[in-house]
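Per-chain numbering from 1; labels A, B, C and D assigned in written order.
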Amino acid sequence: MRFFSDNAAPVHPRVIDAILAANGVDAAYDGDALSAALDSAFSDLFGRDVAALWVATGTAANALALAALCPPYGGVITHRDAHIQNDECGAPEFFTHGAKLLLAEGEGAKLSPEGVRAVADAIADDVHRVQPHALSITNATEYGLVYAPDEVAALGDFAKARGLGFHMDGARFANAVAHLGCDPAELTWRAGVDVLSFGFVKNGGMSAEALIFFDPELARAARYRRKRAGHLLSKGRYLAAQLLAMLEEDLWIANGRAANAAASRLAAAAGARLIHPVQANEIFLRVTPEAAAALRGKGFDFYDWGPGEARLVTSWHQSEADVALLADAIAAL
Amino acid sequence: MRFFSDNAAPVHPRVIDAILAANGVDAAYDGDALSAALDSAFSDLFGRDVAALWVATGTAANALALAALCPPYGGVITHRDAHIQNDECGAPEFFTHGAKLLLAEGEGAKLSPEGVRAVADAIADDVHRVQPHALSITNATEYGLVYAPDEVAALGDFAKARGLGFHMDGARFANAVAHLGCDPAELTWRAGVDVLSFGFVKNGGMSAEALIFFDPELARAARYRRKRAGHLLSKGRYLAAQLLAMLEEDLWIANGRAANAAASRLAAAAGARLIHPVQANEIFLRVTPEAAAALRGKGFDFYDWGPGEARLVTSWHQSEADVALLADAIAAL
Amino acid sequence: MRFFSDNAAPVHPRVIDAILAANGVDAAYDGDALSAALDSAFSDLFGRDVAALWVATGTAANALALAALCPPYGGVITHRDAHIQNDECGAPEFFTHGAKLLLAEGEGAKLSPEGVRAVADAIADDVHRVQPHALSITNATEYGLVYAPDEVAALGDFAKARGLGFHMDGARFANAVAHLGCDPAELTWRAGVDVLSFGFVKNGGMSAEALIFFDPELARAARYRRKRAGHLLSKGRYLAAQLLAMLEEDLWIANGRAANAAASRLAAAAGARLIHPVQANEIFLRVTPEAAAALRGKGFDFYDWGPGEARLVTSWHQSEADVALLADAIAAL
Amino acid sequence: MRFFSDNAAPVHPRVIDAILAANGVDAAYDGDALSAALDSAFSDLFGRDVAALWVATGTAANALALAALCPPYGGVITHRDAHIQNDECGAPEFFTHGAKLLLAEGEGAKLSPEGVRAVADAIADDVHRVQPHALSITNATEYGLVYAPDEVAALGDFAKARGLGFHMDGARFANAVAHLGCDPAELTWRAGVDVLSFGFVKNGGMSAEALIFFDPELARAARYRRKRAGHLLSKGRYLAAQLLAMLEEDLWIANGRAANAAASRLAAAAGARLIHPVQANEIFLRVTPEAAAALRGKGFDFYDWGPGEARLVTSWHQSEADVALLADAIAAL
């Protein structure tokens, strides 16, 4: 029973169907009707004109976003535990041509204006120091915490005051929105976000993420950067199809809710073992080696996060029976 | 009737089936059994140990290959009409961190040792000049010509003598092999090729190309570069599945043959209108604006290559009836 | 007797004096009074507000200029024989992070609007092609030809019409101005030039070139890029001193005139052997191997440019006696 | 009275003399006899074959060194307070094409094997994480501490065991050697150092640092990178002359001793105000705002390091009288 990664879940049947249907579409790169429909579909979702580009990975989405907001000689303030810092093998540095990640602190990989200000204020305004040009947060965070709209807006205000571009890594944006029950606009551009990496792969997609520019003008250069990075797939219609399928009838939110619900159930069973509050689809547990072995002995697979810590991730497709068994197993530890 | 691009053709049913079957596989990134099988499958095909990495585009494959062979301060000798020079928005420069493409001449986008030597010999051996470190050819070429094994070997000998890494852009490698009827090994590593971009997308795949390192040691750094470029898809199993399906029963050669056969039939009809010999699946025709309009009037879609020139491309899926109609239409011009 | 390179000439005594005087100045980097005086001194010279940065080499000046005008995914139209293309080991690619040089043709390394347009018009306006973002010319050119103000202005008009930044490599700007007898403003910003690499080292300086931004706003990022490239010398006062000394009483023009005069005298002697008109301080001669050997036998040192071609360069410090001897020797061939 | 920066001190008279003497040398770039003598002169100093390149700044020396040791997709372990991290505007990232600095802890900006190991061991060995490829230390450190040969060797052993290249930023290498009284070989290659940025500018030079490759083979690519970075000055003879003058009769050590002696005298006066032991030419003091104002009121200039902290730097040229006055003033606080 897999609680290892939401990437390991299958692709949702409606996404599969959309891919199959796209097999009849016949244009190259992003010249097809499906790709052409993305701007409009995401503009509807966000209630304003946006530019929406498909890319095949969240890492590419993040790195292209940062390249749009930060020059090579600049810096990006982000959390010490951010995915862009730790899990992308330097993709931000590659796409920005060497910009520096400036690391801020905060519980549960969550930033506050204070934490961000501490970093910014420590940097003298002279040419010897890499100056901050952008701010990047992850929602839901790498530890499964969710920024509420007002929390994002507070960071957005800070970014605006300091002239920083504002990026949101939304690899689990669906889980955040599902948790909050808010309008996606409230959580993004209304709160000052300039670019969103809108994740779909962890949430039932196969190979398509959306890179959303709330200022469509920013997308112009990004289209060249996407091609230059080898990310303009020659049969892009299969990616566009996935995104459109996920938007239809808010499948993306439904999937996020399903994953969150499974996580909540496990969280309730875990009680005091929880290291962080569970707001999305990740659960971090305190476990002894013996406890971890006991869970594995019952057939549960998960990630050893660090000494005495385990990470469990639920997906849109998590079997209710498996979740119930695991909840019981955790409670029984 | 589309003769515009092989990218516009649908995905082969056996590839679709493989993708659907992969939906039951449950590991992330390239940790799945399908991805793990690639080295072995391609080693069998090439008759020696190779490292095989999936990537989603030919541009990424080419650029990663060049980054493996050429340092940032070096140069890559290639043809003036090469795809890497003209059609990838500077991806080679991006992935190599600024290496320079050093442009050679040759009929039909095909290089000879003489053409390559002319470029290399014109570069003084001092620090003011970008020194060549690699050679890159395209087989079949951008004009649909095919290098035979001995032609590749002559270039390979030159590369070896000058200490150049040797890359082959095989976006239409299948068409070249189908045309030659040769062993893929003869056309690659036995002829001195170090890295091959082995194309599948134009040939019936959906989103997977193979990057083949004939020296597996070269692949070590490439795996980091792939991640860093955002090209390590989190559900890589769907890419690996495509490649394995294409290898099975040599589907890739069968598809190449089908496309070539359609092109040959059109070539026979075109006669003196042909600008280049037709050896793969591209046909370049001399056409007056009136002739082009006449063909379009009959429902044929194709690419205006330049003044008085048209490019037609056939795919694995080209309808025999359409080809017959187009052959007649061309003959009737 | 050296006619090999203007870089081999000594430093002018007034520049030496200025360096010695700077030894009493005591601030670091560009925080000294001499560095602070540059903007004003060059603004006076050009008759408008400019930002002037010292750098230690022409290559750094050129590359920083191009980085200011062209994004990593863009291209710079320049002459096939330009110094930035052939003699800087890829510095433009390094500083721009991989922008592409787009090569145009023209006699004597000189560009015309027609030559530039031919390059620009051949590039389809889509994401697959590197789009031109800048134009770079060299004045005087690599073959010693000089663009007059109206010739620069014609290129400036083209650049403006196409949205291209306009850079002038003025490694021998002094020789061009000395030849034309014009106002430096006419040859630069009034003709549409955005950034000038204003050379002093070949013209009697030791280690200081000036990078002139006619739009001072462009210099903001350039100051960070300069530091980041290791080009903010910690004792910049010795560079600023050189530039100020060269500007005083138009020493730079006097030096340019002296070098040009020596070249003119040699040109008169060379007659039909001249490959290009001599307008600055470079002379390109047709010489048989025997003739070249004869000149060398008489003690003259120069550069073998290619088969049957020799390049001679005169400096601000060329001895009149040596020039007379060489003129006689050439006439006697 | 300046205790602000050793960069503000004048150039040593013997260095000035050497520069003037070089005005009679007549070759371009590094083709002159002085530049050609560097390998031999530094090989003599270090007791083994080395390659020695002049560059104009310590930032360029450091960044070229790191580019020689770390690929773009790799990381460099260094101290959180290192100059390469905080004071070079991202030059390491620029020259390495985006390598990541991996920050370790240690008192007084000094690293230990334990501190380095903690960083290295926290990085999982997979493609998602930037892997360490190099280690960089500063000797003397940014806080004026000196690594002894055995301390360097312990780090060198760690580096070798983990396959890391080992760089020493020796902006104040002279001060370290003067403090230790050791053989420079003991402090560098015998302790495992691969590349040394050997500083001369802070120590009485004008514009020349030496980049020392203990494996001369590593210098081959570095020569191209130096040109490509615009750091091959066209009149390099004036830089080579500075370095040779500094080596003659160990002027560099004498200068280092002079600066250290001045610092020691101040340290003795400062007593409990010292934040770090004074081993080189930097003094960090605890001072109240009033105390700082009092010192400034007496005509002493220095750097406010942080709240309640002041940095004073002594140079080779510090007047004994000024030092005595400042010592008295500090003692009187």
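Observations, loosely collected:
As a working rule, contacts are C-beta pairs under 8 Å (C-beta built on N, C-alpha and C of every residue); 3 or more make two chains touch, one makes a residue touch a chain.
Chain identities (UniProt): A, B, C, D = Low specificity L-threonine aldolase.
Everything numeric here is computed off the predicted structure, so don't read it as measured data.
Of all chains, the one whose mean C-alpha position sits at the greatest distance from that of subunit C is A. C-beta contact counts were set side by side for B-C and B-D; B-C has more. Per-chain Cα centroids separate subunit B from subunit D by 49 Å. As a whole-number value, the distance joining the C-alpha centres of subunit C and subunit D reads 34 Å. Our note on geometry: subunit B versus subunit C, Cα centroid distance of 42 Å, whole angstroms. Within subunit A, residues 72-73, 88-90, 94, 97-98, 127-128, 224, 227-228, 232 each touch two or more of the remaining chains. The residues of subunit B lying in touch with subunit C in their complex are 72-73, 75, 86-90, 93-94, 96-100, 127-130.
Subunit D contributes residues 71-73, 97-98, 127-128, 131, 221, 223-228, 232 to its touches with subunit B in the complex.
By the touch criterion stated above, subunit A contacts subunit B in their complex at residues 2, 4-5, 7-11, 16, 19-20, 23-24, 26-29, 55-64, 88-91, 94-95, 201-202, 206-207, 224, 227-235, 238-239.
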